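Have a look at the structure below, then the notes.
Chain IDs A, B, C and D follow the sequence of writing; residue 1 opens each chain.
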Amino acid sequence: MQELNDTQSERDDRMISIDRVGVKNLRYPVQIRDKARALQNTVATVTLAVDLPHQHKGTHMSRFIEVLSSHGPVLGVREISAIPLELIERLKAETAHIEFRFPFFLEKKAPVTGAAGLMDYEVTFEVSATRDTVDFVLWVEVPVTTLCPCSKAISARGAHNQRGIVTFGVRFREPIWIEDLVRLVEDCASCELYSLLKRPDEKVVTERAYDNPVFVEDLVRNVAARSNKQENIVWYRVEAENFESIHNHNAYAMIESEKAIPPTSRKVES
Amino acid sequence: MQELNDTQSERDDRMISIDRVGVKNLRYPVQIRDKARALQNTVATVTLAVDLPHQHKGTHMSRFIEVLSSHGPVLGVREISAIPLELIERLKAETAHIEFRFPFFLEKKAPVTGAAGLMDYEVTFEVSATRDTVDFVLWVEVPVTTLCPCSKAISARGAHNQRGIVTFGVRFREPIWIEDLVRLVEDCASCELYSLLKRPDEKVVTERAYDNPVFVEDLVRNVAARSNKQENIVWYRVEAENFESIHNHNAYAMIESEKAIPPTSRKVES
Amino acid sequence: MQELNDTQSERDDRMISIDRVGVKNLRYPVQIRDKARALQNTVATVTLAVDLPHQHKGTHMSRFIEVLSSHGPVLGVREISAIPLELIERLKAETAHIEFRFPFFLEKKAPVTGAAGLMDYEVTFEVSATRDTVDFVLWVEVPVTTLCPCSKAISARGAHNQRGIVTFGVRFREPIWIEDLVRLVEDCASCELYSLLKRPDEKVVTERAYDNPVFVEDLVRNVAARSNKQENIVWYRVEAENFESIHNHNAYAMIESEKAIPPTSRKVES
Amino acid sequence: MQELNDTQSERDDRMISIDRVGVKNLRYPVQIRDKARALQNTVATVTLAVDLPHQHKGTHMSRFIEVLSSHGPVLGVREISAIPLELIERLKAETAHIEFRFPFFLEKKAPVTGAAGLMDYEVTFEVSATRDTVDFVLWVEVPVTTLCPCSKAISARGAHNQRGIVTFGVRFREPIWIEDLVRLVEDCASCELYSLLKRPDEKVVTERAYDNPVFVEDLVRNVAARSNKQENIVWYRVEAENFESIHNHNAYAMIESEKAIPPTSRKVES
């Protein structure tokens, strides 16, 4: 076997280094640590990449899969932070960039009857690292109800409302729970969503939304205001997109803010 | 060139004929005849297929593209019905099946201010044909507002509402306008959508939706009831999917009905 | 609570019954029984629907979620067949239709080095039932390598090849393993896919594909021929779509065949 | 009408300004100036956004649609650059950000027979502006053939190849043709794609790809090297994603390079 050409290891003379090279759109079963049940089974869509110095013709794609497979299925913040360093080691790279995107489930009780149902949220772990630094961004996508303040103010009855999606990414000092980010966002909307609502619950969420109208602008500002108050969050980006019930296009707003120290200067353990 | 192997024309001995073979996901600029402006430019995603008798190893994929290219860009019901027959001719087939899916635009005036804006609808022409018969199904996807009757009935104020999509397909006796199918569906919802609404318009659509609550069940029944009354419609299938503003899943309903003569027995010209 | 209006239970006078009404696009963690590891954790996208007789205004959407939640997470063929009957019971319906679509993982060893990696396949359980009958369709989507026989035959060197997806659905007499359907399809292509291949493996899969050219037509015929030989398969539909490496559109073929008894006449337990 | 509440214009006290607020996922028919035929009809998916100072509660969403509608359908680089300034004017904003994404068609002749067919490319105009500056990024997504150098080197016959997508964005000094960017990318791959190929053409593209193997790394480096040589390109980002025919995941590479002056300092007219 050993006489097979190793084309990837040949010299490249174009003098152009590559920022990221690797594998994308790989699906992989993982276990995520959650607050309630310790470990939650889900399926991630994975990107793994490293840089490539100008003198090397190609990376070794199979090693990305080997690094991923060498881990057990459990992916906490600690495990996720370890993978980039292993990629750097294994691929002889300077930097690594990984993304794990997966549905995350929370059991939620309906507000009146207490009937329990599972809500799903899309979560992404995005980690960039060098040998000395690690930059972790945690993204949650939280579906919510938004009810239009203008529509309520001008109409004799009713108000248009709709499902919206808030995409919220944070950099943090101390590890942060997915559940806490979801809660932060849900508290900023006209109402939160549930998978299971009986009639008394539906009455309450309808009235709650009507009593708490928010524009897409209010939604991102509410998230920003709460993030600004949390010492632990050092950077955030919040986007909201409302699937307007009166239009066939969406309303959109975004705030990005670096609150504190630049994220890439944080050491892994210090 | 002529000595190049024609593998596709070789004999196949598996004795298995193929229902459909062809090209899929081809994008192509087309012109659609509309009621208002005569010809409308848009871009279609195209499927073209024929059957393949058991004795032939393969079809000739390039001929599908040639048949499509040989047409001008204008695609009325007449032109669309001609393509399957040309495919049958050119590919020496017995049956052909084609689909053209494209966004279709209608100028709509806001209900109070009359401000004009373009609404987009997804339309599909689906045609199956033999040498003697042609079966045309016209599909429109119409986004609408739906306001929940239960939520309105039980709540002291407000009612949850959301964008829904109605997918409505019909077989017909005489050619039918896309605009008329869109109108039929929009009249069945809590309110229709607009791309441009000023405040006085927003007041009116909010109140109109509140005054016309429909379940996803009502929506498909309303479309069915209107279709049942139209002599020209001989078959229909209507699906509605509501992007519930209180849940992260959708409410769904479907009715399919063959009202009259079986569609495949209709001759092309008679 | 009990005085809240039950709008859904009101009488409807349009005299139009609804074929399917329910919930769509609900995500839910499930466990699938597999041949190798007994139980496999994954995440399903779920549709649950029943019929609605003409005299009822609406169904009770929350009961779909309750039926789903009342089950444990394990979904074997037996459990999946039970859900429609519970929906019929709980919703007072005549028919039910459910779909569970999920990624399914198989550990596969590379052909030369034996290096192990996880391959993912999209699987759908689609079940329609009445009180007396159940109709189960099992769908697998299997990505494969296809190498073009024509390109190989006419070219002095090389041959264009690409990833293709085979969508294969079967009705069966006795429960059938997902793994066996995947294997059946993979054996019909130019080569099967792997997530992890070292250089000696890559040499082998390259040469194997080159030695086994198949048109999209061959692919569906190969699957049909193998299905025809399996007593246990009573109906199948096989579609193949090749993401052609020389075109920006796809090549497509489909065969549907009812081999034996009509599927809806099969009783659940007899 | 005038007594209707203008909630959006109310004062906001949270002291949080919004980076971008506007409309997203709006579809709109446009005409693009091309080299060959002067004007080409297509359909764009549009984002329009502005910033919102901290003291204002909301933006006026309908004005985005009005600005868009006030333009004729023709969108050249000149027209596209005008829209952000009108948004700034109309919405009393400091900055605007717009995106128009649309399929763009090029007629291409097959390399041997000269048979003509239309190829489609996804193009995006992305423009950010203030009153004094405009930053235009032109993105093209070019599907190509890539043939693996390693697979070719180690295999006795054949080589795995596949469709890949190159996403190439540039900032430039003088307006640049979409066609020239597409050509630049197509010249960097193993072979370019065609919609119509007869057998003699298929022989040529098969052999050409086999004679020009490129890794995903080579593809982005080739694009980078050519971009570096073009004075007119001041910034670029090139990503390549190969839909590997031997894996169910994709190979990926990316290079981003600011070659010259920072883009936001370029004045609109000077």
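In this text, contacts are C-beta pairs under 8 Å (C-beta built on N, C-alpha and C of every residue); 3 or more make two chains touch, one makes a residue touch a chain.
This structure is a prediction, so every number in the text was calculated from the model and none was measured.
*Asks:* Chain D and chain B are one sequence twice: same or different residues at the contact, by the over-half rule?
*Replies:* Here the answer is same, because the shared fraction of interface numbers exceeds one half.
*Asks:* Which chain is most remote from chain A in terms of Cα centres?
*Replies:* Measuring from the centre of chain A, the most distant chain centre belongs to B.
*Asks:* Taking each chain's centre as the mean of its CA atoms, how far is chain B from chain D in angstrom?
*Replies:* 29
*Asks:* Just the number, please: Cα centre separation of chain A and chain B in whole Å.
*Replies:* It comes to 36 Å between the two C-alpha centres.
*Asks:* Counting only residues that touch at least two other chains, what does the list for chain D look like?
*Replies:* 4, 6, 26-27, 120, 150, 154, 195, 197, 199, 203, 248-249
*Asks:* Thinking of each chain as a vertex joined to the chains it touches, would you call that graph a line, ring, star, complete, or other?
*Replies:* complete
*Asks:* Spell out the residues on chain A that touch chain D in their complex, using ranges where they run on.
*Replies:* Where chain A meets chain D, its residues are 4-8, 12, 14, 16-27, 47, 49, 52, 57-59, 61, 149-150, 153-154, 215-218, 220-221, 224-225, 228, 241, 248-256.
*Asks:* Provide the residue numbers of chain C that touch chain A in the complex, in ascending order.
*Replies:* Touching chain A: residues 1, 4, 6, 26-29, 40-43, 62, 65-66, 69, 103, 105, 112-113, 115-118, 120, 195-200, 203 of chain C.
*Asks:* Note which residues of chain C are touching chain D in the complex, please.
*Replies:* Chain C residues touching chain D: 119-120, 143, 145-147, 150-152, 154-163, 191, 193-195, 197, 199, 202-203, 205-207, 209-211, 243-249.
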